[in-house]
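To keep things clear, I will list the structure first and then write my remarks on it.
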Amino acid sequence: MTGCSLGFINPLSVLENPGTTAGDFYARNFEKKAQPGRVILNLGPQHPSTHGVLRVLCELDGEYVARCEPILGYLHRMHEKMGEVKTPWQFLPNLGRVDYLHPLAWNWAFVGAAEKLAGLTVPPRAEWLRIISCELNRISSHLLWWGAFVMDLGGFTPILYAFEEREKINDILQIITGSRLTMANFRFGGVCADGDARFFKLIQEFIPYLRERLKMYQGLVTDNVILRRRLEGVGPIDVDLCQRYGATGPILRAAGLPRDLRVDYPYGYYDQVELTIPTGPVNDSFGRYLVRLAEIETSLSIVERALKVIPDGPIIMEKAPKVSWKLPAGESYMAVEGARGQINVHLVSDGGKTPYRVKLRAPGFSNLSLFAEAAKGTLLADAIAILGSLDLVIPEIDR
Amino acid sequence: MLKAIWDNIKGLYSLLVGMSITGRYLLSPVETIHFPRQVVDDEIMASFRGPIQLTLGKKDPTQTRCISCQMCAKACPGHCLTVTKGDAKAPIQWLYDFSYCCLCGACVETCPTGALEFSHKVYLVTVSRQELILDLLSDLKTRGTQLGNQIVPPVPPAAKEASPSVAPASPSAPATLAAPTSAPPAPETKTDPPKAAEIKPDAAKPAQTKEPAPASGSTDPVAASPAVNSATNNPATNNPATNIANDVKTGAPAQSEPKAQTVAPQELAPATKPETKANPVANKKIHDHSSRPAKKRGHK
Amino acid sequence: MTDPDKWLTSWRSLGALSVSRHDLAKEGLTVSAFLPLAALIQAAQELKQARYSLLDISALEAKEGFVVTYHFDSLDQPARLAIRILAPKKKPLAPSLWSIFQGAEWHEREAADFFGLVFDGNPNLVPLLLPDPDEFTGPPPLRKAEADLAPVSKLGLLAQVEILDPDFGELLGLAQVSDSRGGQA
Amino acid sequence: MDLSLAIFVQIIAAVLLIIALMVGNAVVMVYMERKVAGFIQRRPGPYEVGPWGTIQAICDSMKLLAKQLYRPGNVDLILYYLAPVLAFFPVLLLFLPIPFGPWLTALHINEGIVLILAFAGLGVLSNLLAGWASNNKFSLLGAARAVAQTVAYEIPMILALLAVVFLSGSMDLKRITEQQGQWPWEWNILLQPLAFFIYLVSLVGETNRAPFDLPEAESELTAGFHTEYSGMGFALFFLSEYANMLLVSFVAAVFFLGGYKGPIADGFWWLFIKAYAVMFFMVWIRWTFPRVRFDQLLNLNWKWLLPLGLLNLWATAIIMKIFL
């Protein structure tokens, strides 16, 4: 306690001698390169606008972010070690928890890698069920991103509207996956539960309903002049930046390159589905916003097409691998187009009970790495807008 | 300069459009379900994968189909299951530690005799980890006796997955050790016979509104009484409407958003002591997770 | 000449230890090669000019040493390839690609966290995902016990391999094999 | 105006009444804001406590009253505790000149608007002190923003009110109300629509309400200048924010919507209805729009509202010269 004298404490005392902040290891490490006259600010890990537990150390020059560095590891659970300790079948529930916004893409990546390695064939009905559930999951992930992004910019209501739609998708996906968030219904060689009549009826009702709601979103948020002014020209990310940092997904597409794994390396039955890849008119935050909303429309058309074509039949191959199934020796690299970009699993097995090495490549990891360069010299409010436009899910970044 | 003025006027118009939308929603009905008084439609919960439970015996519903072959205990990634084999094939104690379970379904899919299935219990809440160690045998007995008085039509070979969504609330086993029973244990619950009829969504029969919770005092939501002989007060009292014997509906009206059936606002049942019967093996060392021996992790 | 062949010839000129061709559908790669440590920077620069971007750096520990796989993918057409280096167990050192692909900084820091590799040239080699050294001083988590290590040939990293460097072949215990399926795994 | 004993007793009674009004208004406003926010977001809002959740706000204030006054470590003591008090008391003075009825005015002076505008600027001093004293970088940023914003939005507010003063020829609030008729088409809003629009925008900016709530922008500065306050300190800040809102709505009602004059029977109830209508509009805006960026906020003010205000004044003067 500083006594009750008129203790005039100058919170800016840090400016004269930067080395004095208590800070932890990372703050001290970050501060070595700080210039005097700058405030070191901790955005996170407990901060309302970092989705999950992300910490960004910023060096502020007034309101401008002179230099920043994201600090990771607050949500690190070491899924890759669990992959090496559990049998492939037991590792499946982990994949529902690596990225809880688009878990079915992670399921597909791991199960696809194992199927490619072991040469398992998946019956057609299961392939179409996979496409339907994965695309619906992508829509629910984009909806949550949309709500959270507008909340970062100050609008509190849209996220509640987005959650109404998410509830409907969760009701649909709960029929075949049994859970509403950490879904893990993919099995080696197929899917574990079949969609009954109610499942298809709910989807039939959901598609026109969501198209109707997207028009409302357009009026409420997309055309809103305050949002436009907050996003246009903020945080331009061009193709060179994407190439140097390995950013993929909506960020690369907003930069103008129509790169989509569902078209470049068609896995499952994606080659039987014609797919228009939306690329952003402009490569700033508003371009990324428009690309993701257009992707919701693409996913809806894919689900519509799949509903017409899905055949009857088994949902899993005959002698599907059981819990103690062993992966054959070899290496396989499966890439799946997740909501945030390329989800790649590098599966290496020496034929033992558990895989030898499971490398999970998260799209958010590379997308976030370019934030330090994209947010240099912007206002603090713009840095938060760029962070939101990257659609980050911290658990998948930390794995 | 003129263009700037025109932009601002268009901007003003977009603000008004935004306000008209929120204004319209201001007057439209509320979308959320008010939990204690309304419950999410059972048709939605029918496919929910809750904590696992033993399936009812074919001939005698209180007997389990488990032959204690330990296949599930080996398969479980979280080491949640402990099955102790009695002299006969049937197990004498079946412990399931829900605090380590990740609901992956490995046990359900590897069980050779189909003795395990997912329950649809959503409202399972306890005060301590100790109470999450559920004794599935006693839970099976209570559910079995629950159905004892209704002749169970042979379960049609509906898909194993769509098991009858029966999770009747029933107080725990009758005999009490010391804890004073505040409510007569013998419930006269009015439960409809759980016809495992396939849910036909399009039949336009109006859904029966759920009659209020059975008149008997205790609507103990945790169907399986905690195995450990702790006479702790069973905490989950503030959600009475949870495991009411939900009859299988024949045709929920076909609108899409989750129909909430309003439960008559009956008084919240007073908290009853879980009368755990003097369990002979209660003090036997149950599967102790605190030690988590490292060698188990290796799976070599 | 298709892209993969172009790379095979350029890697051969860089003195690749072994070059192998993969079937895209099964293993998700078109071509891959084991490069000596010195040639890594040069190969990465060539890939950057050809508009390739670095997807990830996947390290794993084998009996002979650390196999660090760099996965690249082109921005223009689907052509995913991988460059591997074999860092010896004794001094797990690898050159950093940070100067070419800035995104590599985090991937390298993650590999350093999990395997204890050192990437010289990485500007900020402090732990990325694991707690900072004051709190966490344990061994790198993904290292395996000696008994569990498997030889590289057994891990199937060498589909239709063509060994170019003889002592690299002995190191991996593979005979001098031209284009047939490599290794007696 | 000799300050005789009667006047003195009248002012003391008025101040006590005003404190009761402010506390009552805070409770009603908290309830209204949460209910309107709820229904816009299609959820019921407060529901449990009391019939339809009416006494939820009262229970919240009881909770805030009973909460521990947590104070971070190296905080500047004197300024830290002075800030909430300074936020609350100036607003008391602002309610004195407001004419609640033909004879129901706490302090009837003929320059009511000068008193109001003079003390309105004092509120921002408490934001600055709070931001500076709580030794938290986020609140410091919030305080700096609050000062710039309030100073900026004072001027268009004055210009808008000045236009009405031009029209009615006097600064006495009672006279201004008297000149407006009972029926809506006789109110000043029709004579000065542009002034009303400018006033509306600047009152949202003046009271730091969304979409201009930069000083306590949750997603950037966690809670701006009152991050480090809990319990009664936080309650005082909220009380003064809602009191400011009530005040600027009263001024809007008096100047543009005919004060206590209403279609059937004049009286203070009309003043309250109009004030709460303006406040409903402010709450409605808050839950619809995202937040503007700080430089856009100031650009809007200095480059658009100020010129418009001057233009409006100039036009009013010309028209009055020619026609009246």
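So that you can tell them apart, the chains are marked A, B, C and D in the order they are listed, and the count of residues begins at 1 in each.
Quick note on the criterion: a contact is a pair of C-beta atoms (placed from the backbone, for glycine too) under 8 Å apart; a residue touches a chain by one contact, two chains touch by 3 or more.
Predicted model only: the values in this text are computed from it and were never measured.
Chains touching both chain B and chain D: A. The innermost chain, defined by the distance from its C-alpha mean to the mean of all protein C-alpha atoms, is A.
More C-beta pairs in contact connect the chains of A-C than those of the other pair, out of A-B and A-C.
Per-chain CA centroids place chain C at a distance of 65 Å from chain D. Computed centre separation for the pair chain A/chain B is 31 angstrom, with centres defined by C-alpha atoms. For the pair chain A and chain C, the distance between mean C-alpha positions equals 26 Å. Averaged Cα coordinates give chain B a centre that lies 49 Å from the centre of chain C.
Across the assembly, chain B contributes residues 8, 15, 18, 21-22, 25, 31 that each touch 2 or more other chains.
The set of chain A residues that touch two or more partner chains comprises 157, 161, 164, 220-221, 224, 226.
In chain C, no residue touches at least two other chains. In terms of which chains touch, the assembly is arranged in some other way, matching none of the line, ring, star or all-to-all patterns. Contact residues on chain B toward chain A in their complex (touch as defined above): 8, 10-12, 14-15, 17-18, 21-22, 25, 31, 43-44, 47-49, 75, 77, 102-106, 109-110, 118, 159, 161-162, 199, 201-202, 254, 256-258, 297-300. On the side of chain D, the complex with chain B involves touching residues 36, 38-44, 47, 284-285, 287-289, 304. Remark: chain D residues 37, 40-43, 73-78, 132, 135-138, 140-141, 210-211, 213, 217-220, 222, 287-296 touch chain A in the complex. On the chain B side of its complex with chain D, the touching residues are 8, 15, 18-19, 21-23, 25-32, 34.
Against chain B, in their complex, chain A makes its touches with residues 85-87, 89-93, 97, 157, 161, 164, 167-168, 171, 174-176, 178-179, 184, 192-194, 196-198, 201-202, 205-206, 209, 216, 219-221, 223-226, 228, 322-324, 353-354.
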